[in-house]
Amino acid sequence: MNRSNNNSQATKLTGEEVAKHSSRESCWVILHGKAYDVTDFLDDHPGGPKIILKYAGKDATEEYEPIHPPDTVDKFLDKSKHLGEVDMGTVKQEAKEEDPDEAERQERIKTMPILEQCFNLMDFEAVAKRVMKKSAWAYYSSGADDEITMRENHSAYHKIWFRPRILHNVEKVDLSTTMLGTKVDIPFYVTATALGKLGNPEGEVILTRGAKKHNVIQMIPTLASCSFDEIVDAKEGDQVQWLQLYVNKDRAITKRIIEHAEKRGCKGLFITVDAPQLGRREKDMRSKFSDVGSSIQNTGGDNVDRSQGAARAISSFIDPALQWSDIPWFLSVTKMPIILKGVQRVEDVLLAISAGVHGVVLSNHGGRQLDFARSGIEVLAEVMPELRRLGLQDKIEIYVDGGVRRATDIIKAMCLGAKGVGIGRPFLYAMSAYGLPGVDRAMQLLKDEMEMNMRLIGCSSIDQLGPEFVDTRGLSMHTAAVPSDTLGLNVYDPLAGPKEKAKL
Amino acid sequence: MNRSNNNSQATKLTGEEVAKHSSRESCWVILHGKAYDVTDFLDDHPGGPKIILKYAGKDATEEYEPIHPPDTVDKFLDKSKHLGEVDMGTVKQEAKEEDPDEAERQERIKTMPILEQCFNLMDFEAVAKRVMKKSAWAYYSSGADDEITMRENHSAYHKIWFRPRILHNVEKVDLSTTMLGTKVDIPFYVTATALGKLGNPEGEVILTRGAKKHNVIQMIPTLASCSFDEIVDAKEGDQVQWLQLYVNKDRAITKRIIEHAEKRGCKGLFITVDAPQLGRREKDMRSKFSDVGSSIQNTGGDNVDRSQGAARAISSFIDPALQWSDIPWFLSVTKMPIILKGVQRVEDVLLAISAGVHGVVLSNHGGRQLDFARSGIEVLAEVMPELRRLGLQDKIEIYVDGGVRRATDIIKAMCLGAKGVGIGRPFLYAMSAYGLPGVDRAMQLLKDEMEMNMRLIGCSSIDQLGPEFVDTRGLSMHTAAVPSDTLGLNVYDPLAGPKEKAKL
Amino acid sequence: MNRSNNNSQATKLTGEEVAKHSSRESCWVILHGKAYDVTDFLDDHPGGPKIILKYAGKDATEEYEPIHPPDTVDKFLDKSKHLGEVDMGTVKQEAKEEDPDEAERQERIKTMPILEQCFNLMDFEAVAKRVMKKSAWAYYSSGADDEITMRENHSAYHKIWFRPRILHNVEKVDLSTTMLGTKVDIPFYVTATALGKLGNPEGEVILTRGAKKHNVIQMIPTLASCSFDEIVDAKEGDQVQWLQLYVNKDRAITKRIIEHAEKRGCKGLFITVDAPQLGRREKDMRSKFSDVGSSIQNTGGDNVDRSQGAARAISSFIDPALQWSDIPWFLSVTKMPIILKGVQRVEDVLLAISAGVHGVVLSNHGGRQLDFARSGIEVLAEVMPELRRLGLQDKIEIYVDGGVRRATDIIKAMCLGAKGVGIGRPFLYAMSAYGLPGVDRAMQLLKDEMEMNMRLIGCSSIDQLGPEFVDTRGLSMHTAAVPSDTLGLNVYDPLAGPKEKAKL
Amino acid sequence: MNRSNNNSQATKLTGEEVAKHSSRESCWVILHGKAYDVTDFLDDHPGGPKIILKYAGKDATEEYEPIHPPDTVDKFLDKSKHLGEVDMGTVKQEAKEEDPDEAERQERIKTMPILEQCFNLMDFEAVAKRVMKKSAWAYYSSGADDEITMRENHSAYHKIWFRPRILHNVEKVDLSTTMLGTKVDIPFYVTATALGKLGNPEGEVILTRGAKKHNVIQMIPTLASCSFDEIVDAKEGDQVQWLQLYVNKDRAITKRIIEHAEKRGCKGLFITVDAPQLGRREKDMRSKFSDVGSSIQNTGGDNVDRSQGAARAISSFIDPALQWSDIPWFLSVTKMPIILKGVQRVEDVLLAISAGVHGVVLSNHGGRQLDFARSGIEVLAEVMPELRRLGLQDKIEIYVDGGVRRATDIIKAMCLGAKGVGIGRPFLYAMSAYGLPGVDRAMQLLKDEMEMNMRLIGCSSIDQLGPEFVDTRGLSMHTAAVPSDTLGLNVYDPLAGPKEKAKL
């Protein structure tokens, strides 16, 4: 049986019809009341075929919704595979298995703290951990390998101490600054993070509204749950947005995305350069496994293949061959300033200046890519003295992200020479726990903290900050406070002394 | 209804009358048997209006007492709002809610250790933690943000090691020294700490008596629970006191305070320069929240506003515009030596010398203001070599406070060049747990420890101490023993290995 | 009674006959259905006489099997002591004592995770710890003294951070390299580890098959459970193996072993130089004690003697007099390249070059010999700059082993100048938990991780790696992350504050 | 009533008679069947009067025995106070209170591990902790203040790593060396520790026998439980002993002690120079408190006085005025070599050389005197390079003690230039747990470990050891592995995130 691709046809499909196509040989799924033939797409699915086959012949909307932007099907599945509407009344409702984890989560939601009990950004994370779905939490909170870089990102700030000055007039504190020419109220921006609907059904547009309220810039992620246009549509007035870009092998697609973003008013193009391949995040893999793999008992190395498959699948989307010689092309196709996101050593900052880009983000992708990559703030402390030595400090704007949780972290970055810092996960957690009011309060707390701490360091405006206010000796030393090696510690069998002898 | 401000009138108010004024529109409260109309004062209350409204129309004495000096009402509330005496027999007694926390505390008090079981200053803290009211403990024990500076203050001493000498006559050990010309028996002073009545109903005068007994100086805090005059009245004979000063925007008020202190015999004026705005102390905020906010279920960002309000309220009292150019004025209005309290880098010590003040306290306000401010002892180790290099070491007296818990800490500070160290919280804890005998024993323990350790380091008087007796290499290195990041650790979700599969 | 050594005789021995010889004076044991008179051998047994006497007059096969290669009896026991076959039907079956530990282990095996749940090499260790026999786990997992070097081996990698480059074409990543002229698919080899049958009844041949599947080299251990020839027989096609050699005092035996290995095709001779005496591994000693010693109640220092005895026994096998002047002889008796395994300082690498050997392994024997020996990776960071300074970096191949658990560890070693890294325990654990599929998956996971991380560091082939990609400042500093001193911490009695007084 | 001091009188005292003298005004006690009038001695008792008054009118033998050498009464109590024998049959037996702690200890003794289960020196400590009386354990195991130096002593060895050499003939390892001209089998000596009978009823003579068995030197403590002569009488053959000396204010007494020691054959005089006053050891004080003070409920600072009293009492015995100018006198009164025990910095080693003494012990008194004194091994690493620079390394013998637990620790000290190391507590623990067999096994374990580790480092005799075999970079850095601040951590109240709200 082969249905025409005439989407306008009057006769709806029945659930029974769809249910017949529940195998690898013929696999249909229902999404938002429409059926699709995904048989040929199975092997191209970035998440692997197994997760689709679980819903073969069934309604997959609930699982599909948070992790795919609305325009996904149109973009990736040929119209000929769009089978048209389904009479949803005829689709068999599956009795959901009772999930004790989910029941416990619902209990936790009933007693979650009220918003006013959150006094800092970590508090939102603590609440989100308790009230988010386990798989969503795993996706947001996971990092590469042993998650040492992920944790180092915040720890690194703890190696920097202040040298505050006293007796300067700090009655009025002005937190405003500019980023790529845009005036903002406080020197952070909402950096790009994927799959916002995992945390909140409305997704990234909540961050758009929060950013507006506090006059900061939002960077729109390539892998958003909302479509690009939905996010742009959500901005108000002269609100400014940037675009984060994973470069597609097919430069025509990339060009279309860039031109569209520029047309829609984006004011900066942040090209991700630290992710030629998406990182292995084991916490996330373990969480997915329990979804997909728990009934599989064969030990035939199938999983190894699957992971390779995913890697290959993603290689077909992100271009691992992206290189310095591609930069002129980007400069030629857009008037937006171009910023390289994910620079990790001073040599590459110098190359970026030579290449003529307008900025770099010193970043390790939130610790989600290469474990043992150094923190952005440490790289910043390496970069700026060298730029100053070469007289290049004004040739490029330097941003930094990863691990920012306190206003003191922001102040440290500004003292060391950053133009601004990107904050990602904390706003995701605030949104996941409390929606827009959570994001609003999180940003307000940062402002309160920053006003306070600017006063305490003895500065009343951003331009007064400088390296003389920080003691970074602990940072350049690379020894202490290496986050502990959780896995290694778990498996290490400690020595024990003599045991009691048995009683006679 | 509008009552005259004739306080001498014979007719007392009834509880019923007062109870009618229990709203934001008309808010009366009873304090020590007198009624006050605080309606217009609500928004000016540094602690926010909510805490007052909780007692609107009621007797607020018990809550009010420990955190306001006796002269507060006269100072801050216009006479027209003093409504006169209340017939307390007519005031309805509220049945107190049973508080399980308080019941448990009363149990702990029954089994608290006897005084002789306290062998060091930490012991008093351990006991105080168990027997103090939760909110009082939270106020005393809290620090800024992640409390890393607060903990670093003591840890920093642990990075300094001794190089004792041997075979010097230490039969008689003389611990006495001078501070701002006053001879004292041991080189510490009781530094200013706020709200003493939270720990003991008599408040700061207990510290006055303890200081007398051991012939050390007490610094009187601006924010004491006792009035300034009560504390001065408590001194005996030629006992010496200093004044700690938060500078008021209204310099006339400040001048009055200074002149009054000088007249009452204060021998030093310690101007706080590290607190243009009072710090955010989250442990304290959480504790207050459970008092004030627990019944509020709206998530409308109300709390954010309140915290801003508090910040603004306090700005109206402490002058955030205080600056170097104000110093000559202070020198002109008093003959007392002037000391800047809260200096945190060598540059500012040099400025202080130029400004002609008589001393500085290297201090970060007990870790209650700027988190990641360095410890006073570390700043001292930075300051003294530079002063010696410039030949300025005798131009100014250098004090240090924060984290002193052992006589070895005092000795380390003296070796590095301090004239004396300030000790605050430990005496508060001793007072809170055991009253004056506690303070007495705490001071005696320090003397015992110090006599012992002077002998062991090979010195029989303070002037023999010098930098050759300490190894500070660990201090100048800024890496190790960073106190752990409690909040971050609490929310971090550790990686886990494979889980057991379900049994089949 | 004295039986002839005619093995071919028809009459089988009965169990009853054997059982008579159950004393130190006359001690027979049954192995694989044959009886042996080991009376005279008791004192020469490397494991001490006690363990044999436990089986005097009985069938010892089950205990004997995993820790002796099949040819042991022929090699070490004179033919005259081979008493011939036993009629096993006549041997009394001993009722096995129920062992609650073993019962619990069997339960754990029932719920062990499936192979796909292992996502990294530590996971196999976690599973192996749960499902292996206690004594086998103790043997594999133990290290010398406080096991500080053993743990440092992996920790040391955590002191090295990456300096990744961006925007290089990493579409195709080639992990292949050569070791001693052999092309391999990824720069690790399976290093020699003893007693494979403790983990899996098939023993080391499983590692042979795994190495073949992933085209890496296996180093055959002297102390394998399988015989050398069994392991060589298990190789396929042009698979390459190396030989690890403990040098026998009797050089004729050593020569025979070397010549046989060369004849059988071994392509490298790795002479162990860090084990003139086998290390004290207390975790293992405690485990053995419960087997052998638990019923002994005398406290007469007997055990001290036994440990000395074992040391002496092993001295009679491994030559503690091996020295630099022996090296020319080795070079003269084989054409195989010679590599010194266990070099621990740069001076000895230079001597090795002078001596004309072809390689060294910077190794501390997996932390099983000298505690506080530095990690191989730290020694590598000391060695390579010196070799480059002297222009000797191409004169010798440098390998490193110990603590490698992640592909990032391999990459760090390659950046610092290693030709390859040896991995031992992780494959033993994978084999012990899951057999060949476990080894297969462990190797595949390393390949997946390495391909990913090569991309993320910005390199597409091994020869691109170099010291500019790593930040080793933390490594050269020798301070932080010293693994904790478990035994010391266990016995340290922490200070405690005052205790509650008793209620009256 | 006043009895004559005629000890030979026939009539024995009755228990009833003695019991009448049970007050501060008239205080008699019975010791070993004899009565003594200690009324006038009460205030001179170094341990304070309270502990004696507890036994006023009673038999105090059990408490007295372990902490006073047999000749104490004769030495310190005038003959006129010796009241003669008591008819012990008439002394009322006190029903002992049941002590649950003691009952639990007896249970633990029943299941204590057998000696063969102890594989290292820490094992003895673990066993001793479980089976010793609480007060005895507290006395042996305690250190000064926060016990940071006490723990640092062993930790410091963990900052030193080996650089072993390979391929040297280590078949025969010779551990012997000389100390002050005496040949010993292994380079450690049994250092002086007080009150041996707390751990074993026989006391220090057990250590004498153990030292003989392993041919090492014993240093006899001034504060031994056995008398000096008992300990000397216990030596056999040409066994060598040294004397540790606390210098008495009365130099005549000191001279008598020295001359007697020389006459009895002591071969070295170790003058303690780090204890002008005995240290405050809070663990011990808390333990004593529960004995003496638990029934005292007054909070009148009584305890403070008592501690002062104890300090003064001890000052009357040990001379706090001992100084460099006294040294020539010591050199004049004895031919024994003189060694200063407790030197803590290089300056004082140079002074010791000038003063003409024969050796120094770099020691901090086992961490029992000045907390934050550096470890002996760290001071050694400071001292030797300076001595070598000045060409003085052969002018004096340098010993080190404190924290030695492993043969690797001994080897590290020898590599750094020590002539030998002192070991104290470990042998006390071995003796307390297992008596002489324990001491024997502890020493044998050290020999086994040392033979092994000499081989592994590539040296076959002590004189081959040198600084090139150790990496001390971590030691000179003074940052990491500062032992944690137990008391501080116990009282610190960690920050907590938001709490659950109450269910509605």
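General observations
We just call them A, B, C and D in the order they show up, numbering each chain from 1.
Assume a residue touches a chain if its C-beta (ideal position, glycine included) is under 8 Å from a C-beta of that chain, and two chains touch if they have at least 3 such contacts.
Bear in mind the structure is a predicted one, so any value in this text is a computation, not a measurement.
Rotation angle for the C-alpha superposition of chain A on chain C: 90 degrees, rounded in steps of 5. Among the other chains, A has the CA centre that is most remote from the centre of chain D. For the touching copies chain A and chain B, the fraction of interface residue numbers used by both falls below half; the interface is of the different-residue type.
One inter-chain figure worth recording: chain C and chain D are separated by 43 Å, centre to centre, where each centre is the mean of the chain's CA atoms.
Averaged C-alpha coordinates put the centre of chain A at 61 Å from the centre of chain D.
Annotation for chain C: residues 114, 117, 119, 122-123, 126, 146, 282, 286, 477, 479-481, 487, 490-491, 497-499, 501-502 touch two or more other chains.
Remark: chain B residues 145-146, 148, 273-277, 279-280, 282, 285-286, 289, 293, 296-297, 299-304, 307-308, 311, 315, 319-324, 326-327, 340, 342-345, 347-348, 351, 369-374, 476-482, 485, 487-488, 490-499, 501-502 touch chain A in the complex. Every residue of chain C that touches chain A in the complex is listed here, in rising order: 114-117, 119-120, 122-123, 125-126, 129, 137, 141, 146-147, 151, 154-155, 158-171, 282-283, 286, 290, 294, 405-406, 408, 412, 434, 437, 440-441, 444-445, 448-449, 451-453, 455-457, 471, 473-474, 477, 479-481, 486-487, 490-491.
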